[in-house]
Amino acid sequence: MFYFFANVLETTLMYTIFVLSVYLLSGLTGFFSLGHGAFITIGAYTAGLATLRFGLPIWLAFILAIVMGLVGGLIIGVPTLKLRRDYFLLITFGFGEMVRALLLWTSQLTGGAMGMAGIPYAAELPLIAISVVVVLFIIANLKRSSFGRTCISIRDDELAAQAMGINVYAHKIKVFLLSAAIASYGGALLAFNMTFIEPNLFDWLESARLIVIIFVGGINSVTGALVTALFYYSFGELFRFANVWRDVILAVLVILVIIFRSQGLFGNFELSPKWIKSLFNRKKSPKRGA
Amino acid sequence: MESGVFVQQLVNGISLGGVYAVMAVGFGLVFNVLKFSNFSHGGVVTVSAYAGFFISSKLISSFPLALIATILVGAATGLLIERLVFRPVRLAKKPLTYLFVNSITVAMMVQQTFAAIWGSYYFPYPEFFKRTAFSIGQLVFSGTYLLMLAVSAVVLILLTLFLKKTKLGIAIRAASSDIYTPPLMGINTDVITGITFIIAGALAGITGFFLGMTYTVTPFIGSSMIKGIIAAIIGGMGSLTGGVIAGILLGIVESLLIAELGSSVTPIIIYLAIVILLLVRPQGIAGNLYTVKA
Amino acid sequence: MDLLRVEAISKNFGGVAAISNFSMVQPYNTISAIIGPNGAGKTTTFNMISGVQTVDTGKIFLEDVEITKLPSHKIQRFGVSRTFQNIRLIEGLSVIDNVKLSYTSRLTYTMFEEFIHSPRVRKNETVLEDIAMEYLEFFDLSKYAKSKPKSLSYGLQRRLELARALMNEPKLLLLDEPAAGLNPAETRELMGTIQKIQEQKNLSIIIVEHHMDLVMKICSIIHVIDFGKKIAEGTPQEIIKNKAVLQAYLGDMGGEIC
């Protein structure tokens, strides 16, 4: 029983890391990548290959996964981030499909459509939990400092941001690389947790889901992305039989949120030490102010 | 490749390209008028593919009638999506990204709903014709493919005539440059968007029917939309003609590459070529480069 | 040395000459204006000076350094700030965060320090908040610091754009139709504010405007453009009497000149 719940938690938390990586790119900076799964897959396969075919130690596999994610991000990001948002969207879509096709083709190395099995089980709950906390910490900190403000300005009005002295292109690259690195790290976690990976691990639909979850939570709220992700993925794991219906519900929910409450369920709310303290203040003096 | 195989593959490629062209135009039309990437188009394709299957296997066995019925289903679905999902967002004057997010949501919803209900079934379209292949000399051609090509060509020609000669069509073209022109012509913007989605939906209906006929119907059939989107981009966003040319080119290149190099390498080459093309010439074959006004 | 020197710049849009051969000189500590009928090319000129649009021919010098080909973010860092005709505030940021934006390039902390919100980040942020608050107070906006720009009235939004432009401590301030949409009382207030800014911050200001009232009263030099070409330059008194100027304006706003 414990193992079942531990599994649910592990999967939920890993997917939450993916959501957070997409939050940085799409929620905060307004760039949509339907091929983000490519980085997750790159991370997973790098980790798998590093340990299985090259016998490298786990910690090195993680580092390589991140490096490969960064490389992929550079290759795609540098030329593409100069273009319009629509093109970026479509090129990343193409990139995602290309990676998938590449993996299917190089079946000698990667196992092709049969996938890669036997990856060591090296990512257990403690590691995953710590990873989520670290990623959350980083992203929350970025959001409340100049980096985050710059992201939001680029999202809302690139021209104005540039006129305010921000090197928009350079910043987009930073965001994209960071997002890719987090995603590929998560991919490595996925590989070491599920011990079996295949090219269809993260297709464009899964990437779309990540984006959709963020819009439900609200693009201005990390807390929103976090909570929605936790709910969505744990629900999916706990009620596997209703898996596809879960998506239908999510879809309807997103559409309703966008039409009626476009700032997302959480709006601008952020869970912070200040807010928690204010809860206690309210409890102490219930009749404060008028 | 010997010349016989080459010709066959070429003809097949052109037919397939015709389908891609129809997809590209469906996607591009909405993009031109409403300025967003409408991923729900794939959803309409899926719905049409299933509808076409049910119609042709249970209700109408004649090819032309089944096709027309499916086109109607596609058009209705397109309009329904526009009214329920996109119009409220437009009316609330939200930024275009929300339209895009809603569109991928619809695509997701369609795929998952069909997967939930009929996920484990493979639906093959019934045989419409007794003789599907005919030969000229040593070359064998698929009648079905040629029929698809013929229908695509007719549809695109009709569409061109509509856009160039009818008041509504001209209004739609005007709307591509400026969404506020049609009201000046006496046509409501709502009507324009509605018609655009009806046409796009109809095109998706044809696409769904043909894809269902050529391959089998699965919930993932809408994902073939990517080919149409690719054609639309290569053709140049803003130009439907470009999309048609690109679609046909894509079909030809794909067919020839698959015959020569196999179907596992081909996607890689195609995607790579597209990425490079977009980097070198982002406006595609015939599109416009948009600049933002300060 | 002049603060800004524009030498014969031109810009073509697909065959249409938006601006041809425009030249001007902006000395230090001066308020000047570029005026002209609608579509004359005023905003395009601003866009070229601030780097938002590329220059086809000609050169632009800021303190004798050529800035013609520089992108707008580099020009901003040289000390040029601008406001926009249709207010471009960042809706997703609070009022005070909007102001902080133009100081971004001067912050000394790195991305990695931001990951952990290091003490240096914390200190920088506090200083930034204080400076931004000062600017908000100057414009009487401090009580809106944490609200979103959307909740402010049009006049207040214009002030916010000004505050944001000033936080960069610019040497040259470009105001694109700052009085657009303001009523006469607000316009008078704006005139006072612009003069106050100029005196206190010792900067040079170029205004693009239609409101002749504003321009005549506070500018010392006026450049007039029509159909992309410069047709006159001089003091307000000289410009009023200039025949070419009156002719250019007769169809558009003859009544507003005096």
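Going by the order they are written in, the chains are A, B and C; count residues from 1 in each one.
Simple rule for what comes next: a residue touches a chain if its C-beta (ideal position, glycine included) is under 8 Å from a C-beta of that chain, and two chains touch if they have at least 3 such contacts.
As the structure is a computational prediction, the values presented were derived from the model and not from experiment.
S.K.: So, comparing C-alpha centroids, which chain is the farthest one from chain A?
M.R.: Centre of mass proxy via C-alpha means gives C as farthest from chain A.
S.K.: Taking each chain's centre as the average of its Cα atoms, which is closest to the average over all protein Cα atoms shown?
M.R.: A
S.K.: What is the distance, in whole Å, between the centres of chain A and chain B, each centre taken as the mean of its C-alpha atoms?
M.R.: 30
S.K.: Using Cα averages as centroids, what's the distance between chain A and chain C in whole Å?
M.R.: That pair's centroid distance is 40 Å.
S.K.: Let me have the rounded angstrom distance from the C-alpha centre of chain B over to the C-alpha centre of chain C, please.
M.R.: From the centre of chain B to the centre of chain C is 47 Å.
S.K.: Could you list which residues of chain C touch at least two other chains?
M.R.: 52, 84
S.K.: Using the touch rule from the top of the page, what residues of chain B touch 2 or more other chains?
M.R.: In chain B, the residues touching two or more other chains are 294.
S.K.: Please output the residue numbers of chain A that touch at least 2 other chains, ranges allowed.
M.R.: Within chain A, residues 159 contact more than one other chain.
S.K.: Once bound in the complex, which stretches of chain A touch chain B?
M.R.: Contact set of chain A toward chain B: 30, 32, 34, 76, 79-80, 83-84, 86-87, 89-91, 93-95, 97-98, 101-102, 104-105, 158-159, 204-205, 208-209, 211-212, 215, 244-245, 247-248, 250-252, 254-255, 258-259, 262.
S.K.: Over in the complex, which chain A residues touch chain C? Could you list them?
M.R.: 137-138, 141-142, 144-147, 149-150, 152-153, 155-157, 159-168, 174, 219-220
S.K.: Which residues of chain C touch chain A in the complex?
M.R.: 50-52, 71-73, 76-77, 82, 84, 88-93, 97, 100-102, 104-105, 107, 109, 111, 114-117, 121, 125, 128, 164, 168
S.K.: Over in the complex, which chain B residues touch chain A? Could you list them?
M.R.: 31, 37, 39, 84-85, 88-89, 92, 94, 97-98, 100-102, 104-109, 111-113, 115-116, 119, 223, 226, 229-230, 233, 237, 264-265, 267-268, 271-272, 274-275, 278-279, 282, 290, 292, 294
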